[in-house]
Amino acid sequence: MQTIDRPISQREDALVIAGRTFHSRLITGTGKYRNFDQMRASIDASGCEMITVAVRRVQTQAPGHEGLAEAIDWQKIWMLPNTAGCQTAEDAIRVARLGREMAKLLGQEDNNFVKLEVIPDAKYLLPDPIGTLEAAEQLVKEGFAVLPYINADPLLAQRLEAVGCATVMPLGSPIGSGQGIRNLANIQIIIENANIPVIVDAGIGAPSEAAQAMELGADALLINTAIAQAHQPDLMATAMRQAATAGRLAYQAGRIPVKAYASASSPLTGRITS
Amino acid sequence: MQTIDRPISQREDALVIAGRTFHSRLITGTGKYRNFDQMRASIDASGCEMITVAVRRVQTQAPGHEGLAEAIDWQKIWMLPNTAGCQTAEDAIRVARLGREMAKLLGQEDNNFVKLEVIPDAKYLLPDPIGTLEAAEQLVKEGFAVLPYINADPLLAQRLEAVGCATVMPLGSPIGSGQGIRNLANIQIIIENANIPVIVDAGIGAPSEAAQAMELGADALLINTAIAQAHQPDLMATAMRQAATAGRLAYQAGRIPVKAYASASSPLTGRITS
Amino acid sequence: MQTIDRPISQREDALVIAGRTFHSRLITGTGKYRNFDQMRASIDASGCEMITVAVRRVQTQAPGHEGLAEAIDWQKIWMLPNTAGCQTAEDAIRVARLGREMAKLLGQEDNNFVKLEVIPDAKYLLPDPIGTLEAAEQLVKEGFAVLPYINADPLLAQRLEAVGCATVMPLGSPIGSGQGIRNLANIQIIIENANIPVIVDAGIGAPSEAAQAMELGADALLINTAIAQAHQPDLMATAMRQAATAGRLAYQAGRIPVKAYASASSPLTGRITS
Amino acid sequence: MQTIDRPISQREDALVIAGRTFHSRLITGTGKYRNFDQMRASIDASGCEMITVAVRRVQTQAPGHEGLAEAIDWQKIWMLPNTAGCQTAEDAIRVARLGREMAKLLGQEDNNFVKLEVIPDAKYLLPDPIGTLEAAEQLVKEGFAVLPYINADPLLAQRLEAVGCATVMPLGSPIGSGQGIRNLANIQIIIENANIPVIVDAGIGAPSEAAQAMELGADALLINTAIAQAHQPDLMATAMRQAATAGRLAYQAGRIPVKAYASASSPLTGRITS
């Protein structure tokens, strides 16, 4: 894994998912980059240590994506296979198993992570809570570390934690929409109740939104489109890395309360009269 | 001035105010710190190159603030004297002149900067547009580089630019309130129209809000209370520094458009059928 | 049913739930009023034609609530029994059956409505999607017109419609919180996809929020706390009635698009020059 | 003046501007209607008692607007001449005087009202605070009841009150933009401090936004584009009338506080156990 220069306080502030330790709290993806060079430069700039990969796309060498899996240095980056394109629990379970094989083939023998997506809806790409829960139960039984992608439903999050999921990944707004975090109140409740990491996934379009999620206490972020489709993806990747860190630090630093009235930076003692 | 490790792209992206070049886009203050050690650690962590100082407080050695001016290394940090505590144009003009003397005494012979505050209102500490414009005109004539603190009024900003101000400093929300940026639409219009730097001042409570202002295209930020009154000011200063940089980078990188619908990170080509 | 003076356009704009026609789109409740007189005055002022009643509270004559069921004129108002206080599907099914008996005893022989609430969580009172779906399936089989209270999850809403629910009732924010509609994006998607009425339930604190939901295209609103706990409940009931109507009319009237720039009300033709 | 059926509480809740009493708190305009019939139907539906008219447009019989002044029954509706199209104080003063003549010619001998607009900016149509204050001072001296259109600047509002203006009219967002109220915090401060009526003008696009302004304590609203350019202007006029009333009633009724957590409508006493 690459070493990033961090102050002490952060070096100790590790993210642990299913027993594995990460020092970056920003997870990225491989989709929608204009080419592999931009992808690699952006991954580097993001400082991420985990990348999600759509198993179906890679397995089938989808047009324009041949060689994707080989384009990334899996000695340095942990793979998070995802089940994008699965509309049912059964389908997602099958693809999760394929993903585990893929990770092994690429050298990550002990990688049992899966980002679980069960998405019957083509327009908003929103996940199905029932199918997700079903698939999660089965995959946990099969020894997977399951990271389910969900609507920000606090009770569903509790159910998924109860069946043994490694994290929950509530969405901020529809995938790729760049609308930011449009269900802040629910994400806040999920964070308050969870005993597993909460990763905000989907919808983040700008660093301010990345920071906002982390300030709330989210444990990590998954950001793909906002980086890959920016005019300059690597610059945006740097921005997102800094924003994720800034939000985390602010969460630890303890922000000031919001006040209804003003409070002078420079108290009015010591008036000068001519 | 201290040297901060920056990528090339940023090193070239300097902020120029009244002919003077700054590499940090975060300006901080000296008010409300619990002690000088925290203040110095936070200033360091913020990476700022300019600090605003309330002339009245320093001049009168207000209780608890003796030695403030001496506590900062003015070889490294540019002083931005402010006229906090002035309720009228006349008062502000007088204090601005005192500020120039103070900067000279502390070794900044050529410092003619003044952050102009004309604030008759004690509850919300909001600035008076009429008094501010009057004082700005006079101070510009006297050779000051005037940085006026204003409500986010686009037409007032144009007036101030027309009389020769060096920047405009619209407020996000009342000083010290931590409410964030509550007049985004107006700040956006000010940025769009201005030919001088726009510095968002007052109200920022969290890094997400700092990033948001920079993403809009603000040229710099002034943040004091949110740092000084955080539980751990130096951590928050680091967070604000990163957020300001993240927001600036995102502005340069070109963010994705906001869409009403989803857009798959992992296009659905290559479906696997069993 | 009481007759309310409406323009033609509205008289024709009826809300139909499970074959039953309503002319008011505001549903209220009986909880949290200071006394029965305020409750009755507010119900009158609200113009509502349907009221939800907590079956458990009425059945057990909970302290201070004796005679509640008798305090309302069920010749004029349709009863919507709810399963408040149920933490599991089984519990909710049992209470739904009790509710049907209660409605019969009070003279509504053909009332098979039930507002389904399955709420294991005591702090936020958020519904359990899994238990709700289970109970809904069973209750539909038993001939109930099921109006499930849900988190604003578009896929869950689709599932509930598919099993035969009469409506879906997504929450705006936690019950009684008065936070307004904090998941607008999801509610919008639910409305866009639904073929059954969408009733926004919980969280509305002010008429502006009631109007906002209706402008989006919600079919109806359920508002209780914001009326019952206002300083003057009957005034607030009138306000909510007007706001619900205003929002509905605006939805029909077709609002102007939001523009980035100004557009003069009074075009600048005909300049006068002295 | 037309009589509108109102409950007692409202009948007593009159709006008084410069000594003149109004029972409607919704002011409308004449611009942008598709034809005079729609305009008249909408004015009727709005229940408004005061309408603003662009003096320049009427005086010059601008193309398509011949006969506008005659199309309204000035026996029933109070005229609010406005200075739209004026870029300087001098220009606005001249047009205000023309407006007074126009009102007299149309039978309102004692009408000295003027909606003061000084707008040098053609893109956002935002008012100039300096020119507005200058013109207001002069017009007050000439005996006008001055209703100045301003950016939501609390200190400017105080200045205008101090020179004798009859109201202040802060804008919610740029004219005709339909963006709603984007500077709520400042409007709230203006309302809190003002001893003259505060009329929210410009930017309101939907009834929810009209209600929101009134809930805050605004005394009245001026809405033109959102009505005139709706698909069905008269329906929207009805909606806006109801929303204005709903917001006012809610302000009087005293809304519930916003809470972080839920609060059951149906307290959990009386649990049934099988």
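By written order: A, B, C and D. Residues from 1 in each chain.
As a working rule, a residue touches a chain if its C-beta (ideal position, glycine included) is under 8 Å from a C-beta of that chain, and two chains touch if they have at least 3 such contacts.
Just so it is clear, the structure is predicted and the values come from calculations on it, not from any experiment.
Summarising the inter-chain layout, the chain whose CA centre lies farthest from the centre of chain A is D. Centroids built from CA atoms put chain D at 35 Å from chain B. Chain B and chain C have Cα centroids separated by 47 Å. As a whole-number value, the distance joining the C-alpha centres of chain C and chain D reads 32 Å. Within chain D, contacts with two or more other chains are made by residues 124, 126, 174, 179. Because contacts link each chain to exactly two others and close back on themselves, their graph is best described as a ring.
Residue ranges on chain D touching chain B, taken from their complex, read 120-121, 124, 126-130, 133, 151-156, 158-159, 173-174, 179, 182-186, 189.
Interface residues of chain D, counted against chain C in their complex, comprise 7, 9, 29, 31-32, 54, 56-57, 59-63, 65, 82, 84-85, 94-95, 98, 122-126, 174-180, 205-212, 215, 224-226, 228-233, 235-236, 238-240, 242-243, 245-247, 249-250, 252-272, 274.
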